[in-house]
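There are two complexes below, and they share chain A, which is joined by chain B in the first and by chain C in the second.
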Partner chain A sequence: MHVPDGFLDAPTSIATGAVAAVAVGVALQRARRELDDRTAPLAGLVAAFVFAAQMVNFPVGAGTSGHLMGGALAAVLVGPWTAVLCVSVVLAVQALVMADGGLTALGTNIVLIGVVTAGVGWAVFVVLRRVLPQRLSMIPISAAVAALLSVPAAAAVFTGLFAIGGQAPVDLADVLTAMLGWHVLIGIGEAAVTGLVVSAVVSTRPDLVYGARRLVAARTAALREEVAA
Partner chain B sequence: MGAAHGHLFHFHAHSPLHRAPAHLKLLALLAFTLTVVATPRGLWWAYAGYALVLASVIALSRVPARYLAPRMLVETPFVVFALLMPVLGHGPFVEIAGLTLSEPGIEAGAALITKGTLGVLASLTFAATTTSTQIIDALARLRVPSLLVEIMSFMLRYLEVVLTEYGRMLIAMRSRGCEPRNPRHWPALARSLGALFIRCYERGERVHVAMLSRGYTGAQSGRMPS
Partner chain C sequence: MSATTSSNRRFFAAFLLVALLVAGVASYYASSHPDGLEFVAEKTGFLHAAEDSAVADSPFADYGTSGVDNERASVAIPGILGTLLVLVVTGGIAYAVRRRGTHAPVDAAA
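Up next is the complex of A and B:
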């Protein structure tokens, strides 16, 4: 669900556009450090993956469905800066090619779905990774909690933007309650799918999971004596 | 590669709008949607004017209405939100057909639907008349950072490959009795998505190696060869 044209007023849209431009600019610099000269092909393919993953729908009640945002998932899998780039490119393609999300709201959508979900998701993930036991099996759990919190965080930032430039005469407290309630539900779906996907990748190719790299590097080979019959 | 040809929402035709330079179309689209968004609600004659301009551009593009109409469903969630406005908005209230409705709510809802619909229709017209290659070229011409343009060109080029691969995975799941929409089968769906991620990542690595073997040094024009 992307913000369309006319939902926020023009000054707010332009301001979020500027914020998004700065964030993407910084991400371009930092992503090179995450991926070096493989950035373009890898980020492009990961963006295509995020696009496909966003097609995963889950029912959130009242006959409506939410879809995966993928910010936290991408941040854990490929690193936060590459994730911001991938999600931003996905949003730009959706706005330009499929009219999903308004062109004037592209900055707003990049800030909400790209920067906030990937940023909050990565921050939560890093904190949990430090606190929880240093085992690979903890990575999907951290990723799930990160995804769970990243979605209501985006909803809260949206409500803040709505307070500044909203184009509807609705009580702000109502908006916040509705948005948070709704997005906690979406967040639960996001957390389940994110955790399961990360767990699937960790169990087959842990070396590909950016958030697990340090753990993989610290692993040592061990000889086991007994063999289970 | 088929993906360089057009994309899911492209409508093949030969019209002045199809031939117009893509970067100018993109700037026009941005100017149009910004103007629509900046127009204060209540100026209905201005919106009528925008609709007229848009209708004549669509007529010029020869994209049929029945092609655009089903693709406008993308704005449904916000139409629902806009329809709720009169119920959720605050006073003053008016009585219409036995319902107490908020007057500013009605006005805001109508403005939301009008602005949203104009934006979606304009974007769809742009998408229907512009190929992926032209969009990439337009962004490069408009000085979008070349790395970003490159990422987008790789994404658009492989999007169809990845989506059809994902589609095959879903068919395989369904033929084994799994329903991807059912949360009970999410573990299976997640394993498929995990596999899809690994395949995407490895495909990216192979593409990079193929580029290196053709002399890629990390810096280039950012254009997608047509």
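Up next is the complex of A and C:
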């Protein structure tokens, strides 16, 4: 999904750059509520894992591939604002060192792969967490569904940006259909990786998982009451 | 306290090891097909609008190492260096903005 230079015109790229700058600025302030001495190292590790996983494109058929975006995964593990920071650092390193994603498109990529996937992923996760049984085993399932939906959401936003500032005459309905279709398939891979990783962390260290905080706190409180009684 | 610290260290070390193995080993087996966006761009006729990045001549451009012929090493080097760079930068930011101390999970806004 890394947008190269040239796809979008300068005004659109400047606008997405401004949105990305504001989002990162707000994230730097809000991430404070999500991070403490215990969880700060996990933020670095989650970003490192997202960088690593983004190198591993998996085939999705018919000569196409996809890779993890990681916004939903990071949001569940370390919190949505910290997730924006994690993915933004990954995208900056990729654009500056690996020439993966354009330099003038860095803002666009932060908006699509960082803000949209973390935002949509977290919103879906929070809704599912509310309606599903209050059990730790539900956390990876909610995370996987959130991840699945976050990918076509980013694809739809890309198409919207292309409608505004695309640098080639195309049939937008065709672009939207193709983007959504392929990115639902890529989303299945996103869901599998996200579900697996969240499941591994929840089963070893549920206390470190941001999206499981209330559940872990409630469980600890219930245990204390039992012990007291 | 020390038990918790060492358990944290083990967990974090395992997490890092997985990331390094993915970036340094699994990356070699990545599909070389175009990704979803590139594929759609080609099919619907806007791939030609793509321009080379200004850093396309970087020694690690496209996750290869210029001058390293061994294909496994060529992709492993930017993979491992990139993973460590992202770890240090994000970890540094997370430490800088974090609240000091360990807070009870209940006070999370989530």
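Just so it is clear, the second predicted complex is superposed on the first by the 207 of 229 C-alpha atoms of A that agree within 3 Å, B and C clash if a C-alpha of one lies under 4 Å from a C-alpha of the other, contacts with A are read in each partner's own complex, and residues count from 1 in each chain.
Basically, a residue touches a chain if its C-beta (ideal position, glycine included) is under 8 Å from a C-beta of that chain, and two chains touch if they have at least 3 such contacts.
All of these numbers come straight from a predicted model, not from anything done at the bench.
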item: Three-chain arrangement built on chain A, chain B and chain C clash or fit; value: clash
item: Contacts of A:Ala192 with chain B and chain C, given as first, second, both or neither; value: first
item: Partner chain in contact with A:Val93 - chain B first, chain C second, else both or neither; value: both
item: Contacts of A:Leu103 with chain B and chain C, given as first, second, both or neither; value: both
item: Chain B versus chain C as contact partner of A:Ala10, first or second or both or neither; value: first
item: Partner chain(s) touched by A:Asp207 [first = chain B, second = chain C, both, neither]; value: second
item: Which superposed partner A:Trp182 touches (first chain B, second chain C, both, neither); value: second
item: Chain B versus chain C as contact partner of A:Leu42, first or second or both or neither; value: both
item: Chain A residues touched by each partner, larger count belonging to chain B or chain C; value: C
item: Partner chain in contact with A:Gly165 - chain B first, chain C second, else both or neither; value: neither
item: Overlapping contact positions on chain A, where the chain C interface meets the chain B interface; value: 1, 4-7, 28, 32, 37-49, 51-53, 55-59, 64, 85-86, 89-90, 93, 95-100, 102-103, 167-168, 170-171, 174, 204-205, 208
item: Complex interface listing, chain B residues touching chain A; value: 7-9, 26, 29-30, 33-34, 36-38, 41, 71-72, 74-75, 77-78, 85, 88-90, 102, 104-105, 108-109, 111-112, 114-116, 118-121, 123-124, 126-127, 132, 135, 145, 147-148, 150-159, 161-163, 166, 180-181, 183, 186-187, 189-191, 193-198, 200-201, 203-205, 207-208, 211, 216-218
item: Partner chain A, residues of chain C touching it in the complex; value: 8, 11-12, 15-16, 18-20, 22-23, 26-27, 29-37, 39-41, 43-46, 48-56, 58, 60-63, 75, 78-79, 82-95, 97-106, 108-110
item: Residues of chain A touching chain C in the complex; value: 1-7, 28-29, 31-53, 55-60, 63-67, 79, 82, 85-86, 89-90, 93-103, 126, 155, 158, 162, 166-168, 170-171, 174-175, 178-179, 182-183, 185-186, 204-205, 207-208, 210-211, 213-214, 216-217, 220
item: Chain B contact footprint on chain A (complex, rising order); value: 1, 4-7, 9-10, 13, 24-25, 28, 32, 37-49, 51-53, 55-59, 64, 77, 85-86, 88-90, 92-93, 95-100, 102-104, 167-171, 174, 189, 192-193, 196-201, 204-205, 208
